[in-house]
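Dropping a structure here in C-alpha cells format, bear with me for questions.
Read from first to last, the chains carry the letters A, B, C and D; within each, the first residue is number 1.
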Amino acid sequence: MMGSRGMTLTGILKDGVHRLDIRVYYEDTDHSGRVYHANYLKFCERGRSETLKCAGIFHTDLAAQDLFFVVRHMDCNFLGAATIDDVVSVETRLHQQGPAKFVLDQRVLRGEEVLFAARVTLAMVNAQGRPQRIPAGLLQKISES
Amino acid sequence: MMGSRGMTLTGILKDGVHRLDIRVYYEDTDHSGRVYHANYLKFCERGRSETLKCAGIFHTDLAAQDLFFVVRHMDCNFLGAATIDDVVSVETRLHQQGPAKFVLDQRVLRGEEVLFAARVTLAMVNAQGRPQRIPAGLLQKISES
Amino acid sequence: MMGSRGMTLTGILKDGVHRLDIRVYYEDTDHSGRVYHANYLKFCERGRSETLKCAGIFHTDLAAQDLFFVVRHMDCNFLGAATIDDVVSVETRLHQQGPAKFVLDQRVLRGEEVLFAARVTLAMVNAQGRPQRIPAGLLQKISES
Amino acid sequence: MMGSRGMTLTGILKDGVHRLDIRVYYEDTDHSGRVYHANYLKFCERGRSETLKCAGIFHTDLAAQDLFFVVRHMDCNFLGAATIDDVVSVETRLHQQGPAKFVLDQRVLRGEEVLFAARVTLAMVNAQGRPQRIPAGLLQKISES
C-alpha cells in the first residue's frame, strides 16, 4: 500500500517507529481556529491502528476472538496547535511490553514541530470489559515488526 | 427527571412533539466559528433517543434483542448556524409509521429561529445489518406516547 | 503527493471524478458495530476538501479572505454499512455550478458496493454567515480541474 | 436554569465541586460497545464550560476579547466504561490557580463508580495561540463562585 513519494493509509514502520500522515479537516477544528484538543487522541488511535496493521494485526480478527484494546492511562502534553489544511504526522513507538499491557510513546508533529506528545498504556479486555491476557502470537508479531 | 423551570436530560414530550435542549460546546464548533454541519445530525439523534426514552424504549433493551435503529434516509436543510454557548432545541415529531420503518420530522431551533430541518426515515436491523420488523410492543408504546 | 501504488492524502482526480480512500477507525464506529451515520457526512467533507486541493484551493486561503464553504442542503441515502478496518472510497463529482452555489454528487463505496450516496448543495459565506459570491478565480480553477 | 428534581444544562456548583449530568448516546460509543476513550475528554470539557458559566464566564465574551482557554496537560486515567443510555456525572473542582493557568481535577462517574479521572492544566491564549494573562476579573469570578 506504499507509494513512491509519500505515505499511504497504512503509514511507514521503520527502525521501530511508525509514522502516519493525517490531514486536518473542518471536523477536527473548533471555534478557536485550531484542532480541538481531544482530537489529538483520535489521531494517536489512528496511528496505533495502522501500527498494528503493519504487524499484521486487525481489530476485526481481535473482535472475532472477543478481544478489544483499551486505553488505561494517557499522559497528554498539548505543545502546539494544528490548523485546517495542515498535514501532521503521528509517530508511534513501543516503550514497554508486558503479558497484559503495552506502553507506547506517541507524538503528533507538523514538520519538525512537536504539537502533541503522550505516553499511552494499553490493555486488552473482552466485550464485558474484563481484562484479558494478550495472545502470545500477537506479542510475537509486534516484537518482530 | 423533569425540573420545574426547564428541561432535563430526557426532554419534554407534549402534543406529539418532543423537545430537547442542547448546549453548544467547543467540540461542536469548527474553524468557521459555527457548529460543524454533521453535528446537527448528532443533535437530532440525541433528540430521537430521548423521544424513545419518553416512550419507555431503551437502546440497551433493543440491543439485548439484537435490534438496532438505523437511519435509511435523511433530507437535511441547513438554514442557520449555532455558535458556542448557544442553547438549541431539538424538536422531534412522528410523520409516518409502518411495520418496518418510521418517518420523523426534526428541527433544531435557537429560540424561534429554525437552524436545521430534516425528514428522517428509520428502519430496524440486527447486528448483521439485516432488516427486522419493528416489534409490535414498541410500535404500541410509541403510538400511545 | 501521489504514490505509485495507491492514493495518498490528496486522492485522485480523473475524468471529473475525485476519489479519496479513507480507513475506518474506532472513532468512526458506534455500539452497533458499524460506522455512525453522521460520520459519512464527515467522510464526504474530507472528499470535498481534497477535491478543492486538487484544484489548488485551500481553506486557509479562503479563510484569509473571510470566505467559508457551508453546506446548505444534503440529501443522504444510507445504503450499507462500513465496519472497523474497512477502507472506503469517497467519490465526488460536480453536478451543477452557479454564481453562488455548487451542487455535488458524492458516494462512499467499499469496493463496488455503494454504502452512502448524497447530493450536496454548497454555498459561500463570510464569518458572520452572510452569503458571498464565489470568487471568479475559484470557479475557473474548479471548472478547469 | 435549575429544576427541582435534577440538574439542567448548567449543572450544579456546590461546596467547590461542579456536577454536570450527561447522557451517553450512539455518537459517544464505539464498536466495542463502550464509550470511545477520547470522548471522556469531551465530557470533561462540557463540565468545564458549565463550571465557567456558573461563575458568569462565557466563551463568547472571552472570544470577543481574543481569549481562548487551551488544555496544556491532561493526565488521564480510564478506570471503567460507560455504555449507551447511561447517565454519567462530570465532577470538576479547582486544584490550583495561578496568573496564567488553572489546574483542575475532573472525574466522570456512573453513580458511585469512577469511570475516568484526570488532572487538567489550562492556560489562556489569543487567536494566534500566544499565551495571555488570565484577566483579573475572571480569576475573581472563579474564586468567588
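One rule holds for everything that comes next: contacts are C-beta pairs under 8 Å (C-beta built on N, C-alpha and C of every residue); 3 or more make two chains touch, one makes a residue touch a chain.
Note that the structure is predicted; figures quoted are calculated from it, not measured.
Relative to chain A, the most remote chain by averaged C-alpha coordinates is B. The chain pair with the larger count of C-beta pairs in contact, out of A-D and B-D, is B-D. For the pair chain B and chain D, the distance between C-alpha centroids works out to 25 Å. Centres computed as Cα averages put chain A at a distance of 33 Å from chain B. Chain contacts: chain A has residues 26-27, 31-34, 38, 42, 45, 59, 63, 83-84 touching two or more partner chains. Of all the residues in chain C, the ones that touch chain D in their complex are 26-27, 29-34, 36, 38, 83-84. Interface residues of chain B facing chain D in the complex, by the touch rule stated above, are 1-9, 21-23, 25-27, 42, 45-46, 49-50, 53, 58-60, 63, 83-85, 87.
Residue ranges on chain D touching chain A, taken from their complex, read 31-34, 37-39, 41-42, 45, 59, 63, 68, 70-78, 80-81, 125, 127, 129.
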